[in-house]
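The two complexes that follow have chain A in common; it is paired with chain B in the first and with chain C in the second.
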Partner chain A sequence: MDAVLQALINGIISGTLLAVPALGFSAIFAVLRFPNFAIGALATAGAYCAWVVNVSLGLPIPVAIFAAFVGAGLAGALLEYGALERLGRGGALMKAIGSLAMGMVIENIVRFIFGNDLQAFDLPLARDIVFGPIRVGPQQLNNLVLALVIMAAVWAFLSLTSLGRSMRAVADNPDLARLKGVNPRFIALVTVAIGSGLCGIGGTLIGLDTAIDPLVGGRVLLSVFAAAVLGGLGSIPGAVAGAFLIGIVEEFTVLALSPAYRLAVGFIVILVVLTVRPSGLLGSKAN
Partner chain B sequence: MKIDFTRRSFLGTSMLATGTVAMPGILRAQEGPIKLGTLTPLTGSGGAYGPVMAETVKKAAAEINKAGGVLGRELVIISEDDQTNPEAGLRAARKLIDVDKVSAIMGTWASSVTTAVAPVCWQSGVFLTTASGADSITKLPHQGFIIRTQPNTTLQGRKFGEFALELGAKNVAFVSPQTPFTDSQYAELKRAVEAAGGKTSILIYDDKKTTLRTEVDQALRGKPDAIVMGGYTTDTAVLVRDLYRANYKGKLLGFGYAVNKQLVDALPPDVSEGIVTLSPSAAEGTNGYKHVVKLLGIDSPDTYSCQIYDHVNLVSLAMAAGKGTTGAVIKDNVRKIAQGGGEKVDNAVDGLKLVAAGTKIDYDGASGPCDFTDIGDIQDAQFRYEQIKGGKIVLLKIA
Partner chain C sequence: MLTYILFALVIGSVYALLAQSLMLSWGLAGLVNLGLAGFFAVGAYASAMLTTWGHAPIPVGVAVAMLAGGFVGLIVCFSTLRLRDDYLAIVTLGFAEIVRLVASNEVWLTGGTDGISGIPVLVPRDAGIWFHAGSLAIIAAAVAVVYLLLRRLLRSPWGRSLRAIREDQTVASVAGKSIVRFKAQAFSLAAAIAGLAGAFYGHYTSYVAPDLFQPLITIYIFLAVTAGGNARPAGAVIGAYLLVAFLEATRFIAELAPGVSAVQAASLREIVVGLGLVLILSFRPDGLLPERSQKAPVQ
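On to the complex of A and B.
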């Protein structure tokens, strides 16, 4: 029983790490209608921006996280308007493949500048806090709180600001939004920047918990994609729910099967859920 | 089409043909450079080692070329990146073989890459020299086209078991991602520990995960007093962090290629403190080793740089001894210059002069004696035992 409870807590914590980039991925999909696979590399780029600010400039972690948001956001917007938009005429598949290629380009630029070595943030590593049979790491709790705050901020932005409402309108029906005076191209730019920025924060949170290298974002790409698909591509609350579910299922797998299979089990869950509910858990509008 | 065939042109052609046959062999061999490939991990998990390995070969080849080349021909080294990834390695190997027409590929590092690349090499008659340890590699039907300077993992697994016992452990857990050598390594570790009355357990994890908390919980359930970590640097860093967080106080053992300076830099000093490592040792103190120190201009070159230095020397000497440049010539002659007595040499430049003079040589290199079994395994190897102390890797012993 203790093992189950511990795995549940571990799953929630790894779910929060997946939820932030999954939010970004889903937001981009909602507005631009293509899966942007460059998000793994954008998460890496954000993590390295944060690392430079924290380690090279000696600034505190919150500033580093903000730098990750801005750095990855700019990179994502530049990528969309410098390269991917031009592929738009070829359809969503062409853009998806283009994003995969551009992700590799970004990863290699990071590798060229920073090398292959693992880099750690300037952060002490604390032992876990023990509650009876259950252990929780202070950094994991920090990450949990940070991720929840970011998710709440995204929700507030989408619900309470006019820009957020415009984003939802464009996601819902771009033609109708245009008739109402919303510029879909500008909204798409803002969405890509925010979505990419969220991926940058996601990469940084993973880096704070472990260490970073040029493949840090690439390693979570499949799980993030799985979370977004599970939640219903394009659904913001769905991405969060999907991330938690993937995180928890992967941890439970370890108790029953060899940990080597946990990614596969995540995908089996997707197959099962999508068979029962093809639009994902909360993605009634996905197509 | 009309062919003009006058008496004058017949005379000229005949003289040219006669002259060519009469030329000394060494001049006739001037058919352009000899192409050799390196396939090292410039990126990926092995990215810390591959660039230096490729550089070592280029420098060693430059020395050989300066002294007149092999069979009077220049060595040209073409370096490719295997990305520590079998698919990328295979693509790069095909390019080296089909486009560049190399006679040998040197320096594959990850066992998964070597396993993928090996069949293409032997099917194309290209000689493969590797620094990979998985037992399965030399058991492939390679018809003699593979040699390796890295001790196989059967030996490494036994050494880990013996070292854990030496450190006082009785309950040893092996925690590792799935690699081509995981099973053989664990089998030997288990045999060594259980022969001394101890017990072992194994846990395989997914090395792509950013946290291994649940895996650590599982591994610690058996209360091991020593954990042998079988991964590469990136996932080992995640594992060590999660073991520290879980307040694990037992012994931690890892491979030298995973527990390295990169890992030490990525972890706070108190987290990595006390981890012990073992790795195949370069032949420190020998002239071959000193030569690599001079060649690279660094104080203590790693074992892989020393191994690939031996690869290029062995390949060059085998070609010279067989008076040919194909992979088959290298295969048939590599043991003739590496073992079985003769004048001892530790570098190709000296060796090539002796071979040209018809003297039998026995190459002992920077990584060790370089004597190979029939299937291509190295016969003898020493290990280097080290420990992280105060953020530095300190040598405990070479044995």
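On to the complex of A and C.
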């Protein structure tokens, strides 16, 4: 029973970590209409920006997270406008293939500069917090709070600001939005920058939880896709709900199977959801 | 030096088989297979397990590798073919990762990260240079057979239907074509060809391990097929040999670069390959041999 409760708590914590990049992926998908396979590498790039700010410059974690957002956001926007936009003429899947290739390029730029070794953030050592039989790392609690704050900020941005409302309008119906005087190209730029920035934050939170190496983002890619597909590709609340579910299911899988198969959960979930409910949990326009 | 050139040509021929596979699923049917490395691995492992541990003759191993590839291809595309294309891209990408995961963890089945070594080879190894030349002859013959077969298929009504589906599903289905059936046939035939490539790869290097089937291979083949022309069997084959020439050239250039460590040299090569693919996709998406428009035969 205690193991189950512990797995549930771990699942919620890893779900929050997945939710931030899943939110970014879904936002990009909603507006640009292609699966951006570079998000794993963008998460890695963000994590390394944060690491440089935190370890090399010695600045505190919140500044590092902001640096991850800006660094990954700039990289994502540059990627879209430097490389992927012109591929759009060949269809969404050309952009998807291009994003996969550019993801590999970004990952290897990181590897070229920083090497393959694991790097840890500069964090104070702290004892686990113990509630009866349940243990939680203080850094995990910090991450949980940070992720929740970031999600709340994204929600506020999307529903309260006019830019956020324009983004939702373009996601809903680009032609109608254009008629109403919204410039879709500008909105796409803002969305891809914010979405990539969120992936960068996601990579940093995972790095704070464990450590970083050039594959840190690539490893969660499948779980992030699974969260987005489960929630309905392009649905933002769906991505968050999907992330929590995937996080919890992954932790329960670890109870029964080797931890190596945590990754397989995402794949199985994607297959099952597509077979049974192709529009996802909260999605309606996935088809 | 001759051995090295023969080695490069064998690898080029294995890539040519993979490129034919991608040409069929992506170029003709418009199905993006980002899990090519996974089907390659399935074929390699199937034949390696059967011939090394089961002591089956190599032709049986190769045949089973094709069947295994085709069957797994059917399973992978099963839930996505009715849906939008981007789902297939996500599912196939995940599939390749899962194959690597299973190969690394199920030690009883696949030897784990140590892989399978001592796989029977096509030509006795002690034949020296003839080992490479003989293997090259066999694999290049397979490339030629697959090439002729695909060329024949593409000119048949089946090939025309596939192109029609790629161009406009609605029109094709109004014309009475079963979209899902055609796509499933094309995808699983393509997966079977990738499985064949895997089998030959294992029987040439006599070693398979999870690390050999990184997503990088898939990017390589996309680069080969786009460079050559993605809807022409000849384009895919030429693209594959060009790719190997290009990769080997970057190896020499990386060695010449001063003050670059081995890890850095490897990452530079991957950067060049990724950028190369994006550049070709954006500036010359039709490749060296663009698709010719074909007229239906006059009855």
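Assume the second predicted complex is superposed on the first by the 281 of 287 C-alpha atoms of A that agree within 3 Å, B and C clash if a C-alpha of one lies under 4 Å from a C-alpha of the other, contacts with A are read in each partner's own complex, and residues count from 1 in each chain.
The rule is short, and it goes like this: contacts are C-beta pairs under 8 Å (C-beta built on N, C-alpha and C of every residue); 3 or more make two chains touch, one makes a residue touch a chain.
Nothing here was measured: the structure is a model prediction, and the numbers come from that model.
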Side-by-side fit of chain B and chain C on chain A, or clash: clash
Chain B versus chain C as contact partner of A:S56, first or second or both or neither: neither
Partner chain in contact with A:S14 - chain B first, chain C second, else both or neither: first
Chain B versus chain C as contact partner of A:P124, first or second or both or neither: first
Partner chain(s) touched by A:S162 [first = chain B, second = chain C, both, neither]: neither
Partner chain(s) touched by A:L263 [first = chain B, second = chain C, both, neither]: both
Contacts of A:L255 with chain B and chain C, given as first, second, both or neither: first
First (chain B), second (chain C), both or neither touched by A:N116: both
First, second, both or neither for A:F225, with chain B first and chain C second: second
Touching partner for A:I97 - first (chain B), second (chain C), both, neither: second
Superposition clash, chain C versus chain B, among 27-35, 171-179, 189-197 or 207-215: 207-215
On chain A, the residue positions that both chain B and chain C contact, one per complex: 111, 115-116, 258, 260-261, 263
Chain A-facing residues of chain C, complex: 30, 32, 34, 78-80, 82-87, 89-91, 93-95, 97-98, 101-102, 104-105, 215-216, 219, 222, 261, 263-264, 267-268, 270-271, 273-275, 277-278, 281-282, 285
Complex interface listing, chain A residues touching chain B: 3, 6-7, 10-11, 13-14, 17, 111, 115-120, 124-128, 130, 135, 137, 206, 209-211, 213-216, 219-220, 251, 254-255, 258-263
List of chain A residues in touch with chain C within their complex: 34-35, 37, 83, 86-87, 90, 92-94, 96-98, 100-102, 104-105, 107-109, 111-112, 115-116, 222, 225, 229, 233, 258, 260-261, 263-264, 266-267, 270-271, 274-275, 278, 286-287
Residues of chain B that touch chain A when the two form their complex: 43-44, 47-48, 177-178, 203-206, 208-215, 217-218, 221, 233-234, 237-238, 241, 244-247, 262-263, 265-268, 270-271
